[in-house]
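Each in structure tokens, the structures are laid out below.
One chain, chain A, links the two complexes that follow: it is found with chain B in the first and with chain C in the second.
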Partner chain A sequence: MTTTAPTIKTEAKEAATKTSATSTILSLISHQYLLAVVVVAFVVVGLIQPSFFGAGNVQNILFETAFVGIAACGMVLLITGGLLDLSVGGVIAVSAIAVGTVLPYTTIGLAILIAVVIGAVLGLVNGLLVSYVKIAPFIATLGTLYLFLGVAFIWTGGQVVSVTSSNFRALTTGSLGVLPYPFLTLIVLALLTYFLLSRTSFGRTLRAMGSNQRAAELAGMHVNLTKAIVFMVAGACFALAGVFLAGRLSSAEANMATGIEMSVIAAVVVGGTSLRGGRGTVFGTVIGAMLFAVLSKALNMLGVTSYWQYIVTGAVLVVAVAIGARRRSAAEVRGAG
Partner chain B sequence: MTAMLAVENVVQQYPGVRALKGVSLSLDEGRILALVGENGAGKSTLIRILAGIEQPVEGTLRLRGEIRRLTNSAESQAAGISVVSQEFRLVPQLSIADNIMLGHELRTAGVVRARGTRARVRELLSTLGLDLNPDRLVSSLTTGDQQMVEIARALSRDFEVLIMDEPTAALNRAEIARLHGIVRRLAAQGKTIMYVSHHLDEVFDLCDEVAVLRDGSLVHRSSTSELNEQTLIEHMLGRKPQVFGRADGAATANDARLVVDGLCIGGFEEPFSLAVGTGEIVGLAGLAGSGRGELTRALFGDRAVLAGSISIDGETVQVRSVPTAIRAGIYMLSEDRKSEGILPHLDVTENMMVSRDTKSVSWWHRLAPSRREEGDLFEELHRELRIRVPNGRHLIGNLSGGNQQKVLLGRALQSGCRVLLLNEPTRGVDVGAKLEIYQLIRRLATQGVAVIVSSSDAPELTAISDRCLVYLSGRQTAELVGSDITEDNIVGASVGQIAVGGTHG
Partner chain C sequence: MVNAPQLLQVDVVTSAEQERRESARRGDRAARRQSILQKLGIIIPFVLVLLAGIVLVPSFLSASNITNMLVDGAILAITAYGMTMVIALRGIDLSVGSTQAVVACVAAVSVNAWGILPGILAGIAAAIILGLVNGLIVTTFRVPAFIATLATLGIFRGIALLFTGGAPIMITDSAFRSIATSSIFGIPVPFIVAVLVGAGFWFVLDRMRFGKHVVAVGGSPESATDSGIKVKRIELIAYVVAAAAAGVAGLLLASQLGSVNGSLSSGLELQAIAVVVLGGTSMAGGRGNIIGTFLASLLLAMINAGLNLLNVPSFYQYIALGMLLVFALSLDSAQRAAVRRVFEGRVA
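Right after this comes the complex of A and B.
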């Protein structure tokens, strides 16, 4: 308490005198520790294994960050609203297969649009189950995960759908300098998500819902509608991740993204968003996605065997969340359940 | 004689607030000390420090003269300090017995002794005069009973010091009297008691001494016999209190703003009918089960209406849901600020704007509210409602009850309502803020809002209502107007004694 008190004081003083821009920057800085961890890990591994700094490897890391990060933009909205979606892998599979199937017959733009719309529709299914049928998000989306995977398997007959369009591949795997298009997409999407969450009425309703759903209802907020919409937005994000993944793999199949929901949720949580809802950090989410991408590439390059990779990844997840919990408990939200 | 419990120069800080500025206070054995002060004066902080929930930045704590550090609530309990907290710390999914013995279960080799527990709990409940089955789930209890269970829980431990933070806020008269008896008996047994209350009559009735906190400092301490209510309020406020004078007869209902006709609500046999005029404040009184709370909820679209009609300014309105009610010009504040009012993760500005009537706002700002415009609006209300908060970006959870309530009243104002339903508007609110809230409600009424105040606090109803309706089990037993609105009449009618017209004996 004694050590934290002065910093808290100056923070409050600054917030009082300066505008909201300052407080935005301050909240960014308070998440910098995770960014520092990512940078340090990157540099240290690079010093041990110089090929880690190679353009190809950096691009690989950014690709991986983008796939998880794009999906995590949708997830951070859900989690802030006190919701959760486990059907990420299913939505990605269905939308990627849709892209692979329609590509030979239509333009790239339309194919991507179709995939995103399918993602939104699948999200709507989740949203309706949660808001109007009133099934807990965890269970509802666990169920739909299997449903969507089933649809994907039946659609393809268990076969791999190959994505042959070279233009599509160029669009989804190309890059501007060292920055791959998917990563640039992530940056834009993250900015949009930030704006949506912190500056719009929709985002406010979402945060209010995650903070105290009953109070949000009594304030006349359209809680059920917001739930349905946020699941749709998240579904569209997942589908977009699926589109890029299909390009990267130049194929789509039902089990192309099984288990990705856990990476996505981990990125959100490590980034500093509490699963209890009420508050979410988009910046932290992107850094969280980057942390796991750096980690997995680093472990591969350092020749850590896959069994031990599980141990390290799990330990990083637990430690990062524990540190985050400690830091936040100082500035705990009083009156929150 | 060394004091049983003493704090010396205790300082506590929160972000941007110095909650305690060096408070020294000692509690003597067998004495009941009242701790009073406005909300935000530091009472709750001091209690949390004694309960081991928070550690002070500076200062020491002595127990029987020995310096102790209480780093968590288990240590505080082990040191013999038992706390009845203002907010319930009960687990709704567990039974009464399990809740009471939570953390110090009667065990044999790790297994809870169910029969022993039940017997012990039954004994405890009967000393509190409670006839409840120990196996009942806490979630099925009324607020008053939950409060009694909370008290039973504190008494179930071995303790030397008992700290009670507004234990009577949710209790009725009979329960309060019983509780006072128990507290007196404990003091006579040599226990040390610290009693926090906003009800000054309680302070004078029950406590030997009184300590007053104001803005984080101890400003007064004396025995209660040296004070009267007036001087005590002056100590709390640091100034002479403003007197809230009722504008008698000023607001005679000429045109009925809200007319409720034959409203049937599930669980009540008789339909509710009432009318509230423009600028009128109508009080609703009644004990638990009277239906007054349910009535406000039904009017706000939060509870199903089976039959009947509601009209505002002569137009019939349908309140199928909360949003439709708000659109029709009705707004309600719940009696439970914490779980049905505040949005703890949002700042005070956002908390005030969530129900805003956006008819006059451009479509873009409806989708993405302008921070500047909302900030200006907040500043305006901040001054007008005298909310004690340094700036609009403060989280609402860190404010005192009175200030939270003012923010919520601001929220209601922003909804542009024509009918305002208030449930227990000053529960957990201190004397100073209480008067300010009464003035606010009156000002709203003079601006033409029809106000309904549902309250269990009879003095409150006598202070602010132009007309008072008293209910018993869903039936209106009295309609009191003007000088007939007295505490005696309200209390009498809420138990079914019809005594209108000053014939009450």
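Right after this comes the complex of A and C.
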């Protein structure tokens, strides 16, 4: 009986070291398993359907990765800050339509700049609603999604704006070897996002705000200003995705990116960024975007009806968040309030 | 000298009493301001839109337009009642539109195959299953409600599209089709259904223990858990009820349209949330206002009908809806800020 107490203690200690060791291993695996999943999915589908390995298809996957990934770079900043933006589809549509409309009159660079600025302005609208009017982010941006879509519909009158400039198309759909320009842009943007998130005081404020907003406020951080800025940055990222999408489709219309917010959020969450805020992984986000690109192209190649993509994306999103919630048994996120 | 401690005690007692009276007064003031803002939030826009409609819109008061508005408002209201319950619980259900599409499609096929009653039952059963899926994902797998239902919004939409193969389904049963178009004593049946269902929801939320529990969970899930309320069970039931309400509305919609397809009711979540918040239910949870939801649904139906009659392109309805939602939400947050100011008056 006398020995039980020390045994319990050592056992507890052992258990503690074991759990910390397992959790380290788990976190390592959880960081790398996604890449493994992507590779395995890619290889398996390729074995079933050899044309999956073709250069054209690989390029398609990279294009798709780039569109979702570029938008997801903005989203990962928002989610790290404990925010969310559902108006992605609206911002993409408006900025793509802007590019299509101004291209005949200006240079390509200016057109892209205009689109990105418009994206930042739309982001600012979201940011002001969330920071100063104090509306919960997901509901405010759900409202602005329809506002922006409405703007896009009214601007085009419901028509398709065609992008005729061949130089613009070459710039947005060209490729360096097998790597398309949008994908290279994604890599640069991801590096910038990583730098912004983990090496600047802005990123630090963002992470502090995401893990505990009240504490960040009391520590004298400019929470409202940071929120407004991060929504602007995210809006600019969405707009950039819209620019490349307009080039790829060689047209722009209000419906061009309906429902993309789910893929973007799913890419971020599947990549390992917690919806509770406070930390974000840019690398994981890019891999998450790639996973969905591989999945959607695989479904295409295997001849599955496109409707299944809704179901697959939604199911992967739920599973990813559920696994995250299981890992941390802490209180759940509250979207409202 | 002897009196000094007694004096002190008396002082403490009076100051405590003063404190209590003061805080009660603050509480009253907060409640008063809240209820004023809440009522103004719905009644002023309602009256303004009604007047604007009567003055500016030709044939706004024609019998057919009134019937139209009542039916549209009723169908929206039934969906929004369920949303009111979920939002009072501090949750959200973004999947109502997709749920409604699945229910309408299942009901349409079942009505065509087996007749009217089995069709309705099949539709309701489908709604309950989808609600269970939402509820289980939120409670058992602890996925935040807005992300869980965002995912099921996609999943259910995919199911609806797969089920129909992207083609519209005509409903051949004329008895089913006449449900939404017939009226009793000149009042359209959907409106009567909406009033009855609303009365049911009001009774449950305001007068029954379950409703008190819903509001308690929405006010503070932690305290609700501590006081022994089975939070997860309440949440699960609320999501099932919300889906069932969306399903009933879907049946009426299918009956009204006579033909359904997989992309039915997309974007419905925004309308439902907008009318719930406009009706005075706070996004912060802890308060549900069924009557406000009902009035706000009629308001939105009036706006849509008015814009239609004025031949405004339908895109502008998006803008109107988005602005309405942002307006309602700003009012909600202003209301909360007002209450906070009253309570924290001295500190700030």
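Everything below uses one rule, namely that the second predicted complex is superposed on the first by the 274 of 337 C-alpha atoms of A that agree within 3 Å, B and C clash if a C-alpha of one lies under 4 Å from a C-alpha of the other, contacts with A are read in each partner's own complex, and residues count from 1 in each chain.
Convention: a residue touches a chain if its C-beta (ideal position, glycine included) is under 8 Å from a C-beta of that chain, and two chains touch if they have at least 3 such contacts.
All of these numbers come straight from a predicted model, not from anything done at the bench.
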**OP:** Based on the superposed arrangement, let me know which partner A:110 touches: chain B (first), chain C (second), both, or neither?
**Re:** neither
Original post:
In the superposed arrangement, does A:153 touch chain B (first), chain C (second), both or neither?
Top reply: second
Original post:
What is the contact status of A:202 with respect to chain B (first) and chain C (second): first, second, both, or neither?
Top reply: first
**OP:** Have a look at where A:178 lands relative to chain B and chain C in the superposition and call it first, second, both or neither.
**Re:** neither
Original post:
First (chain B), second (chain C), both or neither: which does A:43 touch?
Top reply: neither
Original post:
Thinking of the overlay built on chain A, is A:170 touched by chain B (first), by chain C (second), by both, or by neither?
Top reply: neither
Subject >> Superposed model, chain A: greater residue contact from chain B or chain C >> reply: C
**OP:** Figure out whether A:135 sits in contact with chain B (first) or chain C (second), or with both, or with neither.
**Re:** second
**OP:** Check whether A:318 is in contact with chain B, with chain C, with both or with neither, and answer first, second, both or neither.
**Re:** second
Subject >> Overlap of chain C and chain B interfaces on chain A (superposed complexes) >> reply: 331, 333-337
**OP:** Flag every residue of chain A that touches chain B in the complex, lowest number first.
**Re:** 1-2, 5, 8-9, 11-13, 15-16, 20, 23, 195, 199-202, 204-205, 207-208, 210-212, 214-222, 278-279, 331, 333-337
Original post:
Okay, in this complex, where on chain B does chain A touch?
Top reply: 13-16, 55, 57, 300, 302, 322-323, 325-326, 332, 334, 338-346, 350, 354-355, 366-369, 371, 390-391, 393, 395-398, 411, 415
**OP:** Enumerate the contact residues on chain A facing chain C in the complex.
**Re:** 84, 86, 129, 133-136, 138-140, 142-147, 149-151, 153-154, 157-158, 254, 259, 261-262, 265-266, 269, 275, 305, 307-311, 313-315, 317-318, 321-322, 325-326, 331-337
Original post:
What does chain C use to touch chain A in their complex?
Top reply: 87, 90-92, 94, 137, 141-148, 150-155, 157-159, 161-162, 166, 222, 262, 267, 269-270, 273-274, 277, 283-285, 313, 315-319, 321-323, 325-326, 329-330, 332-333, 336-337
